[in-house]
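Down below are the structures I want you to see.
Look at the two complexes coming up: chain A is in both, with chain B in one and chain C in the other.
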Partner chain A sequence: MNIPSVTGGALRYEFFMQIRRRSIWLVLILTSILSVILWLAFISDASAQAVDAIMYLAEFTAWFLPVGAGLVLADRLARDKRLHVDEILDTFPGSLGARLIGKYLGSTLATLVPVILIYMLGVGYILARYHDPHSLLLALETFITIPLPGILFAAGFSVALPVILKVPIYQILFVGYWFWANLMSPRFHIPSLTGTMLNATGPWAQEAFFHFQWVFLRLNPTVWQGIASIILLIGLSFLAICAAWLYLCWERARR
Partner chain B sequence: MHIKIDNLSKTYRGNVHALNSLSLIIPQGMFGLLGPNGAGKTTLMRILAGILHPSSGTLHVGQYSGTSEKGRAVIKQILGYLPQELGMYPDLSAYEFLDYVGLLKGLKDRTLRQQRVEQLLEMVALSNVARRKIKTFSGGMKRRLGIAQAIINDPQLLIVDEPTAGLDPEERIRFRNLLTDLGGNRTVLLSTHIVEDIAQTCQNIAVMKSGQVIFQGTVAQMLQATNGKVWLITTSGPRPEGNFTIVSALNMGANVQYRVVGNLSPRAGAVPTEPGLEDGYVWLMHTHQPQPVGIQTR
Partner chain C sequence: MKTVLRLDHLRHEVRILGPVLFLVPPALAVTFAGLAAMLFVGNVVHSFIASLLVAGFEACLPLAAGIVLSTVAVQDASLELLLTMPVVYRRIAFLRFSLILCWTLFMELLATLALFAFLPWVPVKPLEAFQLTWLAPSLWLAGAGILLALVLRSRASSGAILGCIWIFQLTFHSYFAQSGWTQPWFLFATLYTPNAQFWLTNRLELIATALVLLCAAWWFLHDPERRFFGEDA
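So, the complex of A and B:
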């Protein structure tokens, strides 16, 4: 059975099914409101430059939009069981792993569409305000290195973990985890992952590649550490998908 | 392609014996599997489809073993399955759903796949609603789409589990005719508790009860076994009692005519009559007790 064609087919149709959901647009617009509020507050200063605006746009996009992405992706795998589609899918010759990768990629790509559109609205505002065409290239670079790895990280776990957790429970735990692991300020003296490379909001990449300090962290990372943080986040998301695949194979063998 | 099942058992957690040393040979063509709810029909279907693993016993689909991972993988390539509870993605159209299934079943060539999808939609009379979302479909339309997805890869083995449950009579007839057209060179295993579905489509049948096969043969053989066991009792008095099962009661005004199946002692008003398949089924259920089951271990 041709794995690329199964993966491609799953990617295509999972994309279609996800992009058609009105709820993903609603959830992402709502979560972007927090980003917009913080962003506008930070660039309201007249001395703020286009570079600052782009950097804060990327930073605050990375803070909240992955939460929205994780929430709307949490039901993608569990849905097959809920709709009883899993019974016929299990009789198909195509590889389960290929389908799972296709599902992850397709539904994540669809979820990225509103994220990118919202981000582009911010970039459009910056272009209109500062008239600096170089902002476009910087906006692209910052998007790829700062919010995108975090979104892929959130997506991987959101597709995978509901295999063992009920979707609403996962969603609640995920939101709690996100704020604890990524946005816990040191001033609260609560141990968290915020200062580690597991911080999925991109502070390592932000400081390493663009030398732009994160709001409440001082990391001083090297470029290699910036690269390592991105690889770690994306790698963990694929590991989560692999773990889900192994679990599903084990569950199948037990039936 | 025929299917050979030898001493197949399936025990679920909690020591629930769904199948008890079941042995069966399913020849090519239309084959009916009858049995009451809980007889083990769906468990057997799921084992044949590779969704469940048996606790013990062997199963061969043609030359392929259905109890090994490798064999199951090969069987899935020649299999079409329509489950009892059919799930589909409601936001896809009929065309999109079939196209997706075609991709997952290995129909890589886009042009050929599209032609196949259009051909199937025509066959199941859904061409005019091909672009409508599945969530707008009636139960009968979903069933027809279900059979289309099952045969998109032109399978040699088609397993259909309770396909007409919940359908109105017209839809049921349409579906039966569709299934009959699909017989031919493939093995079609039709599992149902609706006797009429079997009577209209299958020559070879098996009857299951409590995880075992209590009859395997042709419809004619089953009817022959029921000869002399079916009676019409017309009475104006109380419901007749005895060692028999009342299959139907027809109110004729002053009298009620009861159709009964069983061993009848001579009585007034009892007239022997030709058995039908439903009578044969009732007679089997009445007379056959399942064999006692020991503790099953893997």
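So, the complex of A and C:
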């Protein structure tokens, strides 16, 4: 059986399974309610323009929705193991790596559906308030460059790491990591990844492509640094999936 | 004999829960102590080291308790068997919750006493009041974690919601400390506003809400067959 057809089959199956999960919708809607309240507080100022509203929308989406998406995706492989689905799938001729990539892409795409719908609601509000049709294109560009790489990054690690960690332990570490590496203010004076290209909330892309400063960082990046940060985040997510694949192969060989 | 049986029962429940879940609080406490020691050696200003340790007490250990308890609330491989026994299921469930919660609270109490003994410049409150620093958020996140996991029937969703609330409050702490509607459920009042007038009220409100959440979880479990449905069933 060839790799693309196995990947496609796993992707399709995982997508439809994931999109029917009530918890995905519930968690992302609850998370977005809190961020919308804060977003409205930020744009309530009369001097705020449509561009500011779009940038804050993309920024808050990148801060919080990847956390919800990542935490909900953390039980995918653990669930297969608990229900012994992995043992049944191992008897099929399709390769484990192709299945894993399909699982990652399918579950991530399904998680992106509610994220995109929530984002579009925000964009609809901006269009109704500012009557600026150019906002639509800007909203598309900001979504692709700011929250999307962060969601892919969070999803990749959340699918991969629970292979070696128990789900609750992964969730505790992931929440702590997200705050420490992405949102921790310099007030704490603790070394952190917030100012590096590993910040998954997109400060490099935001400043490089849209010249909109990210809360407490002043990076002055070039466009190439913005592109590099996106490639790094997406590349790391696939690296995590590859590491999980190698671990599962090793585990299967030991059985 | 009866005491021996009870101890046996407790030991049995600890084995069912697994030692890994009990290792989480001490592992976190040791990690924070190690980080503080590194900063201390690096001559970092004492107030930052104090903030780090208070964050460990008020933010990290309570979050761990909440996420671990949401897993315990919905995972039980022998649920069908338990329901055929002449025991009240919710008593067993609450015994398991108590084991994890009491263990976490015990670790936090020990760590607090160690702080007062060896680093008395860290606690920002007197000994009695400082206990509320960790007690209130631990109970609140535990109650919220258990109830969310039972109602949503998914440990992943419950952990996700707790994680998002936690990150929101840490990131927008000024908003939570200043807005009237968010003050009663602001979990990190000691870390960010230790001298605020609402500090004690906030702690008491968190504890009261936590008790309401735990009572709601107790009521929810009066019909344990609800546990047969959902993602983690």
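As a convention for this text, the second predicted complex is superposed on the first by the 255 of 255 C-alpha atoms of A that agree within 3 Å, B and C clash if a C-alpha of one lies under 4 Å from a C-alpha of the other, contacts with A are read in each partner's own complex, and residues count from 1 in each chain.
Keep this in mind: a residue touches a chain if its C-beta (ideal position, glycine included) is under 8 Å from a C-beta of that chain, and two chains touch if they have at least 3 such contacts.
A quick note: this is a predicted structure, and the numbers were derived from the prediction, not measured.
Peer 1: For A:S23, select first, second, both or neither according to whether it touches chain B, chain C, the two together, or no partner.
Peer 2: second
Peer 1: In the superposed arrangement, which partner chain does A:I234 touch: chain B (first), chain C (second), both, or neither?
Peer 2: neither
Peer 1: First (chain B), second (chain C), both or neither: which does A:I116 touch?
Peer 2: Once the two structures are laid over each other on A, A:I116 reaches no partner at all.
Peer 1: State whether A:L40 touches chain B only (first), chain C only (second), both chains, or neither.
Peer 2: neither
Peer 1: Contacts for A:R255 in the overlay, against chain B (first) and chain C (second): which applies, first, second, both or neither?
Peer 2: The answer is first: A:R255 touches chain B but not chain C.
Peer 1: Touch check for A:A48: first (chain B), second (chain C), both, or neither?
Peer 2: Neither chain B nor chain C is touched by A:A48.
Peer 1: Tell me the contact category for A:P168 with respect to chain B and chain C: first, second, both or neither.
Peer 2: A:P168 contacts chain C only, not chain B.
Peer 1: Pick one for A:T31: touches chain B only (first), chain C only (second), both, or neither.
Peer 2: After superposing on A, A:T31 lies in contact with chain C but is clear of chain B.
Peer 1: Could you look at A:T91 and tell me whether it touches chain B, chain C, both or neither (first, second, both, neither)?
Peer 2: first
Peer 1: Counting contacts the way the document defines them, which residues of chain A are shared by the two interfaces, the one with chain B and the one with chain C?
Peer 2: 21
Peer 1: Give every residue of chain C touching chain A within the complex, in rising order.
Peer 2: 20-21, 24, 28, 35, 39, 44-45, 48, 51-52, 55, 60, 63-64, 67-68, 70-71, 152, 154-157, 159-161, 163-168, 170-172, 175, 231
Peer 1: If we count contacts the way the header does, which residues on chain B are in touch with chain A in the complex?
Peer 2: Contact set of chain B toward chain A: 49-53, 73, 76-77, 79, 81, 83, 85-92, 96, 99-101, 103-106, 108, 149.
Peer 1: For a test of understanding, state which residues of chain A touch chain B in their complex under the given definition.
Peer 2: Within the complex, chain A contacts chain B at residues 1-2, 5-6, 8-10, 12-13, 16-17, 20-21, 80, 83-94, 99, 253, 255.
Peer 1: Going by the contact rule at the top, pick out the chain A residues touching chain C in the complex.
Peer 2: Touching chain C: residues 21-23, 26-27, 30-31, 34-35, 38, 41, 63-64, 67-68, 71-75, 79, 166-169, 171-172, 174-176, 178-179, 183, 188-190 of chain A.
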